[in-house]
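Attaching a single structure in structure tokens format; questions to follow.
Order of writing sets the chain letters: A, B, C and D. Residues in each chain are counted from 1.
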Amino acid sequence: MPEMTYGEAVNAALHRLMEELPETLVYGEDVGVPGGVFGVTRGLRKQYGERAFDTPISESAILGSAVGAAMFGRRPIVEIMWADFSLVALDQIVNQAANVRYVSGGRLTAPLTIRTQQGNAPGACAQHSQCLEALFLHVPGLRVCMPSTPQDAYDLLVTAVHCDDPVLVIENRTLYFGRKEPVETGGPVRPMGGARTRREGSDVTIVTWGAMTQRVLEAAGALAGDGIEAEVLETPWLNPFDTGAVVASVARTGRLAVVHEANVTGGFGAEVVARVAGAGVPLLAPPIRIGTPDVRMPAAPVLAQSLVPDAARITGDVRGLVKG
Amino acid sequence: MPEMTYGEAVNAALHRLMEELPETLVYGEDVGVPGGVFGVTRGLRKQYGERAFDTPISESAILGSAVGAAMFGRRPIVEIMWADFSLVALDQIVNQAANVRYVSGGRLTAPLTIRTQQGNAPGACAQHSQCLEALFLHVPGLRVCMPSTPQDAYDLLVTAVHCDDPVLVIENRTLYFGRKEPVETGGPVRPMGGARTRREGSDVTIVTWGAMTQRVLEAAGALAGDGIEAEVLETPWLNPFDTGAVVASVARTGRLAVVHEANVTGGFGAEVVARVAGAGVPLLAPPIRIGTPDVRMPAAPVLAQSLVPDAARITGDVRGLVKG
Amino acid sequence: MSERRLADLLAMWRIRAFEEKVRDLRTGDPAGGPIVGSVHLCVGQEAIPVGACDVLEPEDALFATYRGHGWALARGVPAEPLFAELMGRASGVNGGRGGSAYFTAAEYGFHGENSIVGAGAPIACGAALAGRHDGSNRVAVSVFGDGAMNQGAVHEAMNFAAAFSLPVVFVCENNRYSELTPIADMVRSPRLADRAAAYGMPGHRIDGNDAEAVRFHVRDALEVAREGGGPTLLECMTERLVGHYIGDAETYRQPGELERIRRREPIARLRAGLLADGVPEREIDAVERRARTEMDAAAEAARQAPLADPATAMEHLYA
Amino acid sequence: MSERRLADLLAMWRIRAFEEKVRDLRTGDPAGGPIVGSVHLCVGQEAIPVGACDVLEPEDALFATYRGHGWALARGVPAEPLFAELMGRASGVNGGRGGSAYFTAAEYGFHGENSIVGAGAPIACGAALAGRHDGSNRVAVSVFGDGAMNQGAVHEAMNFAAAFSLPVVFVCENNRYSELTPIADMVRSPRLADRAAAYGMPGHRIDGNDAEAVRFHVRDALEVAREGGGPTLLECMTERLVGHYIGDAETYRQPGELERIRRREPIARLRAGLLADGVPEREIDAVERRARTEMDAAAEAARQAPLADPATAMEHLYA
């Protein structure tokens, strides 16, 4: 198996999709000739010409044209450079893309894929640091996933583009240039949904997604040092969400912690807790949510680091949950 | 006390605010000379001239200019005709208004009020029916309220405009022309936040807000018929949210149902359930959420009525919660 | 020659008869008739869809607004399933899911109304973009009002189409009002067609109350687009003879305004022209009767059909 | 006469020296720091802020972009708290909360950078609108790039300002690239100033590498605005001599492009002009030395200051 970084895996998936699906188009700001500000769309323009192109700084035109092209048989894969920028054109995702199939009773469809990336990185300002998955997860008709490994970065994108509905793939720029890992490419298109048990444990279930997964695994390692065995469940697919896997794990461990980088209030962690509570799983302690507190994101790394959950904070909070 | 409809109460509050705060401005599409598509801004143009005016169909310009005017000492009260339309300009609310005070460390502020209205009404299409409060409640820096009575329509708007931060007031067009009720006008500016116990009960706590409140009260009446005493807690302020009042009530009743018109997944009901679960209140039964299922809103009234929670469904679900 | 003008008259009368029937069904029954909710009629603007749709090819894409009943009819969508849609019937073009302001009928080349001002313009660019890759000769027609010209999405769409020379015809129906507000008060330079120059595309202000003028300019724009010449903006001057929506008190009208605009409305004008050319009056009047009879029958049939079934309300959210 | 040009030279050198110092601090230490993250330099574009800010009144509002270091300096924000902001120090203009791309310094009449393309334009309209009601004679200056001209918010802002004759000067810094993409490929008609006509406002394409030309046109636009004449669009032609952000490989440059644009960059041009006018070379060179000395000292002082205190990170979210 070839070894790839997360960013290279996204690029490999795009090449595969352009190859196997002639109806795909890849476009967005700087994604064509320059190959993307993170180099993730490199080589597509050279290899597929007009099917990969740069656009004006017009998110409404990018997303809206993707909806229209998808209604007419294309499978556009468009990039919104930062999730924060989707807010200038959210109408096209929520009021347009998500309605096409339902309102037409399936006579029209909108099989488009929106690639974006989000989260804080050292020095990033409040307008370039938000984690917005919760907004999109409140939109029926829109599929959402958030890969954190090179293999998932590849697999989820392939699945998303093969899906006949609008799918939002939320990547993370701090992962693009991470460690190279073996990635199985060219395999069958995987089904949508499902969870990943990244670590087994009996004392507590930690549900997480996105860039937090790595920090949660670090924390789980540290917790093992104190004799606390945490089960780490990553849910790269958030819509559809694998509630069953979460409930089953919590039923075994009796404790739940949800960890995400997004602000706590109104974050998807609330939905996970509400589903587990609604399922009536008996708990040994009240569930906890670990996320960025309800505040804007300051640019100074020393300030941002004090807000975004890290392994130490996760370890401490989960220890508190288990040891009471 | 004068008797007013919900819409008249909003209008009375606007007149009061224009009177007592010379720095207020009221503008938006059709709000000036025509007095608003729902007549809610009637009389302002005549009485306050240039301080109340119509705008182009440019939500980004409306919201952005409100941010700028607020930074320079005005208190703009702008209208977004339907909450659905805010999605063409969400950037100005989330990336701009919400950041002004925090990023400048309080040297700049954005005391603007955004009035909008939302929800389904007979025949309304999927682009004119959404309940989007959950999106705004995931935005630190933005205050959010949702009045359901004429008195609250008046009081909350007065409080919002006197607030030195951006506040979103979400009204409901199905309430504008409702029953006239006595409204105390000209009273002191009420503090932000707090909950309203609309009915006392010992068997179950029903938390709700917006237009659902009326339906929940109907349901509570029906439940009383079966000997189920529901405590109905309305939370017109969603940010700040009175978690204490909810937890205290659930601690008494041992059961929780949250009812909102918004889609269930990712709705603010999840946050309410998560806070109660996190507080470790002992429950006699798993908490339930009652809302519009995860689907787009069809225009046909017969279809929409089958999706939006009504008194009958609320009654049935809560009975199930209590009787098990 | 008067053949085509009689055909235009019929097409316009079909739209007007449809709209007037809708108005009666919406307001007739105080209990809330077979049609409820907000409805936007295009009475007075019929010449634009009639002239434009006459020169569209089946493969072309058409995106209208919430004021789109006339565009759907002109594009060939039968009246009965349209009435049914407005009445929330299972037999509606969208089974009642779209309603008056947001229905689609792709099988007839009508790719939908849109009730978000300006949102259809970028979507139309996508339909045109798809044509560049699917070997079709598709042109996408994007319809919107004067007020929509001030919406960011329309600006982005026009630049996007122009920069990439996409085959799009932007049809601006300038009826002088955006809801209850005169467009003249919301722009500094009232000639909206001139905005085309900003994007380097041709723009023309044309007589939107003359189906023949609309036909001529749209045909021309379609040709340019099909030959790779890119988009065109057509500002079609017209007036609505009714309110923005059914129930609009129209307090914004000037004294004598309605009388004035009735004199230049497209049907009256064409009727006068046909009479002047010696077409017998009964022949002309027969056209109106024919249209009204058709619409009465279609509305009645739609009304007889069963309502949408709530048991299906959750279907088709996902593939 | 050469007095003012020497003052311009100093103002431009202060900006360039600041930016070059920032670049060294950002790239110098591979371990990262004292400046981290994405930084956008305005090297080559100094004449625009220098010419424009020279004619602004203290009461005027100024909204720049993430490429705003030069605008802040030209507006009078001291270098030390700017360096401190970029270094995440408590002594930064925003205590480190804004960073390189999103800081404000209202006390100096600098109302902020913005790192959302185009978002500052509607906000500037609001500052102008406020002036109409607070009895001030404020004009709001909105700065953005060539690529921002294709963003919906900028379109809405220009129409809003024009329709209401708001005192706004729209300053478009056309450096021919939007990030890594030539603007020429993203618009059909490359003269962006011509877009002003769409809104019925004056638009001029001017030499953005000549502080004197910028000063002249901005002063003129300010006068028109203060007299109630409404907004103006100034397309200032310039070039950045560096990447879009620090680290940009600049693979999009044409062969010989950098050499070509270095010949017309504002500082070299002004230097040559002063020499031709007989200003002694050492006097000219002293200006650069003075600027670099100032910036080295300011950067060092900022570096000595304590980092922002995490204990304060939750403050000032709400009143």
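Criterion: a contact is a pair of C-beta atoms (placed from the backbone, for glycine too) under 8 Å apart; a residue touches a chain by one contact, two chains touch by 3 or more.
The structure presented is a predicted model; accordingly, all values stated were derived computationally and were not measured.
Looking at the partners of subunit B and subunit C together, the chains they share are A, D. When you average the Cα atoms of each chain and compare centres, the chain farthest from subunit D turns out to be C. Distance from the subunit C centre to the subunit D centre is 46 Å, each centre being the mean of its Cα atoms. Remark: subunit A and subunit D have CA centroids separated by 35 Å (rounded to whole angstrom). Inter-chain centre distance (subunit A to subunit B, centres taken as mean C-alpha positions): 30 Å. Centre-to-centre, using mean CA coordinates, subunit B is 41 Å away from subunit D.
Residue positions of subunit D touching 2 or more other chains: 95, 97-98, 102, 114, 116, 119, 150-153, 156, 159-160, 163, 185-187, 317. Residue positions 55-56, 58-61, 84-85, 88-89, 91, 95, 99, 102-103, 125-127, 140-141, 294-296, 298 of subunit B each touch two or more of the other chains.
The touch graph of the protein chains shown is complete. By the touch criterion given at the top, residues 29-30, 33-34, 37, 54-60, 84-85, 88-89, 121-128, 293-296, 298-303, 305-307 of subunit A touch subunit D in their complex.
For subunit C in complex with subunit B, the touching residues are 32, 35-38, 88-89, 92, 95-102, 114-119, 147-148, 150-153, 178-181, 185-187, 251-252, 307-308, 310, 312-314, 317. Those residues of subunit B lying in contact with subunit D across their complex are 23, 25, 50-51, 55-56, 58-61, 63-74, 76, 88-89, 91-92, 95-96, 99, 101-109, 140-141, 143, 163-165. Put simply, subunit D touches subunit C in their complex at residues 150-153, 155-156, 159-160, 162-163, 165, 185-189, 194-195, 197-201, 230. Across the complex, subunit A meets subunit B through its residues 60, 84-85, 87-91, 94-95, 98-99, 102-103, 125-127, 130, 132, 134-135, 137-141, 239, 262-263, 265-271, 273-274, 277-280, 285-289, 294-296, 298.
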